[in-house]
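For reference, chains read A, B and C in written order, and residue numbers begin at 1 within each chain.
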Amino acid sequence: MRGAPRRGAPRRLTRTEARSARAASGFLLPFLALFLLCFIAPIGYALYESLLKVERTGPLGLGGETKQVWAGLSNYAHALEDDRFTVGFGRVLLFGAVQIPVMIAFATGLALLLDAASARWVGFFRTAFFLPYGVPGVIASILWGFLYVPGISPLVEMADSIGWNVDFLGRGAVLWSIANIVTWQFTGYNMLVLIAQLKAVPGELYEAARIDGASAWQVARHIKLPLIRPALVLTTVFSLIGTLQLFAEPKVLKPLSNSIDSGYTPNLAAYNEAFTSNNQHIAAAEAVLLALVACVLSFGFLRLVGQRGKDGESG
Amino acid sequence: MSDTARNRNTWTHGTPRRAVLGGAAAAAAGFALAGCGSDDDGGDEPKGRKKGEKITLTFWSWVPGIDKPVALWNSKNPEVRVKVEKVSAVDGAQYAKMHAAIKAGNPPDLGQIEYPVVPSFLIDNGLLDLTKYGVADHKDKFIGWQWQQSVFGKAVYAVPQASGPMGLFIRQDLFEKWGIEPPTTWDEYEAAATAIRKKGAWIETFSATNGNRFAGLAWQAGARWFGTEGDTWTVSIDDEPTRKVADYWYGLVRRKLIKTIPDRQNAWYKDVQTGDMASWLGASWGDALLVGNAPKTAGKWRVAPMPQWKKGDAAYANWGGSTTAVFAKSKYPKDALAFAIWLNTDPESIKLLIENGYGTPGAKQGYTTSQLDVHKDFFGGQEYSEVFDEASRGVDTSWKWGPATDTLYQRLGDAFTAAIGDGSDFRSVLKKVQSQTITDLKEKGLQVKAG
Amino acid sequence: MSEANDPAGGVVAGEPGGPTDGPTDGPTDGAARGGPEAAPPGDRPGDRPGVGRRRAAKGREGLRPPLRHRIITASLLTVAALYFLTPVYWLVVSSTKSSSDLFGTFGFWFHDPHPLDYLHRVLTYDDGIYVRWFANSLMYAGVGALAATLLSAAAGYALAKYRFPGREGIFNVILAGVLIPGTALALPLYLLFSEVGLANTYWAVLIPSVVSPFGVYLCRIYAAAAVPDSLLEAARIDGAGEARIFSTLGLRLMTPALVTVFLFQFVHIWNNFFLPLVMLSDSDLYPIQLGLTSWQGYADRQPELYQYTVGGAFLSVLPLMVLMGVLQRYWRTGLTEGSVKA
């Protein structure tokens, strides 16, 4: 057993370390086994499936045998040539580029406001903002669906009565209607993460700033914001992953809108490929692409902010 | 793990490659498909129920009120209990669920499957060939062409339940008030659409995602989307009759004579209730939907025949139409088949099914035409089933469904969604879907060419 | 409502300055500084002249600026609250309506309400399948989150407190697991589970739910900070076994993080739609969201299901929202731990 040198008698150290490795593996193994089953194995399986395709023989291909043959990268080619899939990707990226900053800014604003507000109603507001997090995405979508459908929605009705014609489910609007559902659900959660981080800021810092004559805005801008940066990074990464997974909202709204197609998001495309079109090989390729893009984007983002953070420190 | 479960079946149990039917037989019997499923190789065959053993069969369906005939069956057959699970028929959800269950190896025993989609499940090897269980004995109880819809080669994969001959539901009161005659041709329909639009209401909606109805419209116009040449599928979605239909509806959409909201959803029901939508090009099973969702409009509706391309013609089509199929994995195929036959032929069962609105029976006997007028009062005393009966006789039954209709509907839905969104004409939809369908079938390992 | 919770929240969190809310800006501070509008955007704190000028100007107006400051804050918060609560209000109103009133009457006001009657029908429809869905959801989320918490705790503790070859490698792989969307895994997992006959069973949803890479990450960071090596050494010298040390010392010291992992995973499982949708076809196994979408999907055949869907949504949201209100203080606890090092 190798190990970093530690203080203490050499012989005892070895024994400790051996024991340590044994104990550690005991603690780690249950998780690792399941991690292997639920993370590594599916990815491996998806990779494998994505490289195969079906060949049929017999009359009209429906009779005799089906066998799986090596397909190379043709499933990937098919997925990438299918504009339904690629457009869906572009769509969630656009969605993320707009919705995430808006939501994070909204959450930050609320966190700072609550942090700065007089204590009286803070508890009520915080609870109100956080409540939607307890509403699952599907139910939130059913709920907002009723608020979007023209002829039923009181919102549309009210807008109509002041002569404002809105179509939440129309071609141009529906993506942002979905963004609204996501924002509604998760702003409070992100706000809470940020508040937690704000509470961790030592009070002396504010005191010092105040003595310096800084305004509330200045304290927020120059002390609080930089200090909650790690939390902002965290919430952004999670939002990014969440965005790439978009599924429940478009799936629930699809029957209500004439503007959501079966590949509206990559996830919806993969789902439909697997279950409607019953083509698991292409679905597997799409799942692999989705995982890949998610990893690249998240890592890229973390690196980017990591880099900037260092620059900031040195500069 | 190199093969999926279904392939493993084929391999390890070594299903012998079965005889292929010739072209003539194929034409007579739907498409020639041989030896689907590995159910018929001795070792795999389910043992079935022992005498006196109590079993429960699961049955997925979306016929309104399907639980009533099932309850009747359960009271009469305590040993073979059937448990219904109502599945959503929105956007093909029910088939996604069935495909998933087949893949997972635990489908229900029985399922409602529409005629267009039966072949898709043969690709899955998902359905049981019922000939071994004596289904042929019941052939004469069903209307010939409906029976043939589930016959592939010598195998019979499902029991007909009902068909959906199309017809035009209209709000008689509104048409009268506005002085508009119910249209008998598509030209008149367009004129009516224009007139109704002037009154501030709409005649209909063209729902982008309703591939089933669009197929019916093409069918009526004389299109033939699928065919076979030897072992090769031919696809001709972009044929002349379909173009005619596409151009026609594109014209209505472009001139904003028709809505484009999804049908049979919240907003649509609202429109039906309020009279904002004055008619619905539906099918025989649609009466129950209207009665259920717009009860306050009772007495105001009538049913007219589907408009014709040429005055005086009598060309009709089906929208939907279902079978009761037994899934290949069922442990009790014999009992499942017995239930399927009973459900669709027993007079009491048919009576309950009709009352709840399942369409035009696939059975020849066990009911009277007047029995089909369940909601006579809702339609102002009209004997509306005669309209559908007439339509049923005018359906060209040589129309064939391809092997991946659910994918096709999705393609159509996506393409119409895009076209309505960006205003491009519907011919582009046909062109796109034609080429996509060929690719899709190739991806499934089938031989295919443009027809 | 949760004002009283705050001190407790602070204590559990062990956060500096926890007990008081909004300590930075009492009324007097505001008076002295002139409110948020006083600072030019992007200005530096050291930029005295501008601030001074404004302050002088406001000073003459007495106590108005702080009041205005507070009014602005309060109105912004109120607008935000309206946004978050309006749909909830709609849900409450709509759960008391019949299907036809749902479509036919103004959504933001009551019409012939029969709340108890309708809710009773939701609960008893189809032999009380709703109750079963609810119980399933509770089971998936409860059992799944509990198991996930224990697994994460053990793994995080091991990664934080023991040195062994490959430790960082393992940790990095787990970290990468955080970044992979669960839905990208669900499809292949479904195919895999189908192969081994696990699809469409309780296990199909439970097993993937107990694996929480984020939980491991959180537990490792928390354990590294909150479980002192010296304490472990002392316990070892006393002759305690590793498992015992973990279960008595480790788990106790990690409690705040464990609560967070549990809640995080509970909500995650409760909200998860894709996994059960893909895995389950037997409605007896459905969690609540899947059940409700199946009702909604069938509603055109059976219009009263619209009402049941809305009523069911209301019922399902109720307990979780109460839970959110009560438990939010715990959320703040460990979340910081996660983000500090991110």
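Definition applied: contacts are C-beta pairs under 8 Å (C-beta built on N, C-alpha and C of every residue); 3 or more make two chains touch, one makes a residue touch a chain.
Not measured: the values here are computed from a predicted model.
Relative to subunit A, the chain whose mean Cα position lies farthest away is B. Averaging Cα coordinates per chain and for the whole protein, the chain whose average falls nearest the overall one is A. In terms of C-beta pairs in contact, the better-connected of the chain pairs A-B and A-C is A-C. Between the Cα centres of subunit B and subunit C there is a gap of 44 Å.
If you average the CA atoms of subunit A and of subunit B, the two centres end up 39 Å from each other.
Computed centre separation for the pair subunit A/subunit C is 14 angstrom, with centres defined by C-alpha atoms. Among the residues of subunit B, those in touch with two or more other chains are 1, 4, 90, 97, 100, 103, 265-266, 270. In subunit A, 45, 146, 151-152, 255, 271, 274-275, 280 are the positions where the chain touches two or more neighbouring chains simultaneously.
Each of residues 103, 190-191, 278, 293, 296-297 in subunit C touches at least two other chains.
For subunit A in complex with subunit C, the touching residues are 1-4, 16-17, 19-28, 30-32, 34-35, 37-39, 41-43, 45-46, 49, 109-110, 113-119, 121-140, 142-144, 146-147, 151-155, 157, 184, 187-188, 192-193, 195-197, 199-200, 202-203, 206, 209-210, 212-222, 230-231, 233-235, 237, 241, 244-245, 247-248, 252, 255, 267, 270-271, 274-275, 280, 283-284, 287-288, 290-291, 294-295, 298-299. Across the interface of their complex, subunit A is touched by residues 1-4, 6-7, 10-11, 15, 17-18, 20-21, 26, 31-36, 90-92, 95-97, 99-100, 103, 119-120, 122-124, 152-153, 207-209, 228, 231-233, 260-262, 265-267, 270-271, 274, 276, 403-404, 406-407, 410, 413-414, 417-418, 420-421, 439-440, 443-447 of subunit B.
Within the complex, the subunit C residues that touch subunit B are 100, 103-104, 190-191, 193-195, 197, 199-200, 278-279, 281-283, 293-294, 296-298, 300-303, 306.
For subunit A in complex with subunit B, the residues that touch the partner chain are 45, 53-68, 78, 84, 145-146, 149-152, 171, 254-263, 271-272, 274-280, 282.
Touching subunit C in their complex are the following residues of subunit B: 1, 4-5, 58, 62-65, 85-90, 93, 97-98, 100-101, 103-107, 264-266, 269-270, 273, 288-289, 292-293, 295-296.
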